Amino acid sequence: MKTFAASSALALLAGLGLASGALADGEYAGVTIDAKLIGGQQYEALYARIPEWEAKTGAKVNIVSQKNHFELDKEFKADIAAGAITWCVGSNHSSFAPQYPQLYTDLTPLLPAETIAGFVPANIEAATLDGKLVMLPRAQFDVSALYYQKSLYTDPAKAEAFKAKYGYDLAVPETWDQFRDQAMFFADPPNFYGTQYAGKEEGIAGRFYEIVVANGGKMFNDDFSPAFNSPEGKMALQWFVDLYKAGAVPPGTTNYLWDDLGNGFASGTIALNLDWPGWSGFFNDPAASKVAGNVGVAPAPKGAAGVRTGWSGFHGFSVTEACANKEAAASLVDFLTNEDSQALESAAGPLPTRTAVWDKVIADAASDPYKAEVLAAFQETAKTAFPVPKTPYWIEATNLIYPELQAAILGDKTVDEALQTASDAVDSLMRENGVY
Amino acid sequence: MYQMRLPPWLVLLLPAFVILLAVVAIPLVLSLYSSFTAFQLTRPETITRWIGTFNYGKAMGDANFWAAFGRAVLLLTLALNLEMLLGLGLAVMVAKVTLGQRLLRTMMMFPMMFSPILVGFQFKFIFNDNVGLLNNALQSLGLTDVAIPWLVDGNLAFLAIVAAEVWTSTSVFAILILAGIFAIPQDPVEAARVDGCTPWQTFRYVTLPFLMPFIYIAMAIRSLDVARAYDIVQVMTAGGPARRTELLWTLIGRTGYVDARMGYANAMGYIAILLSIVFTVYFFRKLTTARTSLGMGD
Amino acid sequence: MDQGRTHRIRRRLLKGGHFLGLFLAMSIICLPGLWVVLNSFRPTVEIMAKPPVWIPTELNLDHYRAMFGGVGEGGVPVLTYFWNSMIISLTSTAIALLVGMAGGYAFARHRIPGKAAIFVGLMVTRAVPGVALSLPLFILFGRIGIIDTHFGMILVYVALNVPFTIWLIDGFFRQVPKELAEAAEIDGCTRWQAFWKVEFPVARAGIASAGIFAFLTSWNEYALASQLTRSLNSKTMPVGLMDFTSQFTLNWGGMCALAVLMIIPALVLTFLVQKHLIAGLTFGGVKG
């Protein structure tokens, strides 16, 4: 009791004399922060920095859970249901965040304004739900760009044959229509495919969403009633159906998720692959990929409305509303997303969410042409990127939509039927939950 | 002051009762209650919103639910029968071996060492249409020149799951049936041979009836934990594509945890539990009958 | 003479068929598993190659090295997971056997009103799918504060294994004639001594086989463990497998390496116990 009083008095004193952003020594002495952090090789290197924060502030971090995001998501939901939110800091993701509106606190009052100003404004925008800044983004920004096999575009015989068939020059596709033509042109099943797409769960629903937007359409109206059963939506779904029917994608593609896509492209059997930044190193690593040295990267193609696809998301850290010492928790979150932390994480490949770190990463890559190409493509795509619709029912809606998309792709239903069914299902979901 | 004396059998069974009560019965009561509410995980206050049998009505009226239900029954029936036949064949073959049988028996149980979640990943990679082991093998041997979409085609996807399920669980049947074979008294078999029965007749009319209790035990055990198939199916296809491999358990898991509608999921869960109970009780009765007919019942 | 020859040919054919069938069956059983083992020694580029690489050109320990390596280099706290799995599986198996022995003894030796119903009732608890149990269990465990502890997992696995254990052991005790134990008691043994000296040794094989089933169930269980374990405190190996997956990637080679570490202890244990296993199941099965 005595030590607790002493340490909180110390924290108070330290807090009063604190210049914004700087960590005073021993500021949070005696405080223990329980944290649930995403596990996995890609994410854990950052946690090695935690002792540094502990040494500076005198607080202790206790990692009470380390799992991948889907497992963590289940766990958060179970915690909310059990009323057992006994922890302070949690890993968050922009696609999952809208599901737990009451779980996390607004970080704005807890952080100096200049800290927040250091982030890419679009990311801060996407991390703000109902006016609350629910998380600080870490250097794990994800948007998809186009990976392709360079050798396909340097073969004069292919270029000639393509021009004869489609009437325009073969070049890395800039629109989804060109992409479709080329994917069909390159395909030579069962040994080689034009492209592939994630065919289930949020994977295909997200791709569908971004192509709808690129075609000038919308997923939801402003009141969150479904808006994808529209000409733009049909055009988007037709694109998936055409590729499947033409045999330009592996026949198993409707069962693929991201790992299958990455391994598929690395196996050298896929010409064009819309994929995430996290794979860039893997694709060019001779020990992991057969296309190493032959990988080109371009910005994501544009849809019928001239809009680039850019379904994006990012990881971040949040502080719970139930946290006893929000200042200390926010300080940890700040530390894990500051420039040094982002520089550390982005050095391994993932994209940063701070303006200054973007500049640094691009400068560092200047000597490595592949890395520079990767960054240029992703930076261009990131400029017009957009997050998932900010409704708590997004994930649930995608669970209603994707089986219908699959049904259309596999030919069980027509495009019109599939979108009608999906739209009706989402409509009744929204009504049942009293959204409108 | 008086002391209550429990009968000795109750004292002996008490630990089992207490543990099962704590870990199974009480949670089940909780989920039974929640199945009558609009309980959503992300909004804990909804657990008090009593909506009667709405969730059950919704499940009953949902074509997707019944499709998943039917598919689960089909999977159970198909997998259990296949496992039984293959297990029987395997056990008979292994029983005949005299040299190195211990090694063979261990090999026979090899799949039991694999966690269902691992089996899911393993068969997902085996059945991958593009870089999967099976298609690669078929193509290398020149048996096909197309990439067979094992996990996508309506029937193949279901069969792929059955194959994974059969691979993991045939061992259970084989080992139990093998135990049965060793327990067969030799006199009736000898008598049948002396009476001029062919090996097939001996097997059909002497050996097999004796093995039936063992087969039913295996059936009962397997129908009890066939919900383990959840891990496998979730990893291999997650019920997709286009709900072609949707089983009760994948549907419930997704509704409960991803969609966060625990109330509705629990209502469907209760119907699923009934299904398991029906299968189990059925095999128990069969077991009792088989034992009685062999004069081994009590 | 002629008949003898056809008979001989037939016998030889039968023998050949038997051998071939056994070989095929064992191949189908072992190949998918051995493929996992092989993959753990191969670089990812070869596992996923197209056209396939049938004869490995390179075998190395990279996946193992990475797995035991530090955080950020692909390291996974395998030893902790292994330790957790061992403690949880062994302890829960031991407790399930004790509880099962008590219960099985009760069923075999005592007149219990409504015996069949109680018996089926016990078994049916096993039929509840993990998905349906996990949330209420979580809420309950959360209230008493045993989430993410060895104790919580042990409790769950004991409950999972007790019904089957009771069943098997019950069948065993029935094999021991009641008179045997009674004779021992007359000879001056207490009931307890009679149990240990007379009934227990006969039932040993049954207990061993119940034990191996219980151990394998606990060792491999995923659905409940993924909900009730959270951190290094109690995460078991099947849950640890998911460390090789992230939102976009899946390291199959690494997963195989961890899988091999999971399989080896189970395999060794099975090999050691399986002599008892056959004998154990024999008694357990016939007498109901």
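For the reader, a short list of remarks on this structure follows.
Every chain is named by a letter (A, B and C) in the order it is written, and numbering of its residues begins at 1.
One rule holds for everything that comes next: contacts are C-beta pairs under 8 Å (C-beta built on N, C-alpha and C of every residue); 3 or more make two chains touch, one makes a residue touch a chain.
Quick caveat, the model's predicted, so the values are computed rather than measured.
If the chains shown are joined wherever they touch, the resulting network links each chain directly to all the rest.
Among the inter-chain contacts, the highest number of C-beta pairs connects B-C.
The greatest centre-to-centre distance from chain C, using averaged C-alpha positions, is reached by A. For the pair chain B and chain C, the distance between C-alpha centroids works out to 15 Å.
If you average the CA atoms of chain A and of chain C, the two centres end up 39 Å from each other. Here the spacing of chain A and chain B, counted between their Cα centres, is 37 Å.
The set of chain B residues touching two or more other chains comprises 41, 130-131, 262.
Looking at chain C, one finds that residues 48-51, 135, 139, 242, 250, 252 touch two or more other chains. Across the assembly, chain A contributes residues 74, 78, 81-82, 263, 267, 269 that each touch 2 or more other chains. Residues 39, 41-44, 47, 128-131, 135, 139, 145-153, 157, 237-238, 240-243, 254, 257-262 of chain B are the ones touching chain A in the complex.
Those residues of chain C lying in contact with chain B across their complex are 18, 21-22, 25-26, 28-30, 32-33, 35-36, 48-52, 54, 98-100, 102-103, 105-107, 110-112, 118, 120, 122-133, 135-137, 139-140, 155-156, 158-160, 162-164, 166, 174, 216-217, 219-223, 237-238, 241-242, 250, 252, 255, 259, 262-263, 266-267, 270-271, 274-275, 277-288. If you check the complex, the residues on chain A that touch chain C are 36, 39-45, 47-48, 63-71, 74-75, 78-79, 81-82, 84, 93, 142, 191, 258-259, 262-263, 266-269, 276, 278-279, 282, 286-290, 348. The residues of chain A lying in touch with chain B in their complex are 73-74, 77-78, 80-83, 99-102, 189-190, 193, 196, 199-201, 250-255, 260, 263-264, 267, 269, 392, 395-396, 399, 402-404, 406-407, 409-410, 412. Taken in their complex, chain B has these residues touching chain C: 7-10, 12-13, 15-16, 19-20, 22-28, 30-31, 34, 41, 86, 89-90, 93-94, 96-97, 102, 104-118, 121-123, 125-126, 130-131, 133, 136-137, 140, 167, 170-171, 175-176, 178-180, 182-183, 213-214, 217, 220-221, 223-225, 227-228, 230-231, 249, 252-253, 256, 262, 265-266, 269-270, 272-273, 276-277, 280-281, 284, 287-288, 291, 294, 296-298.
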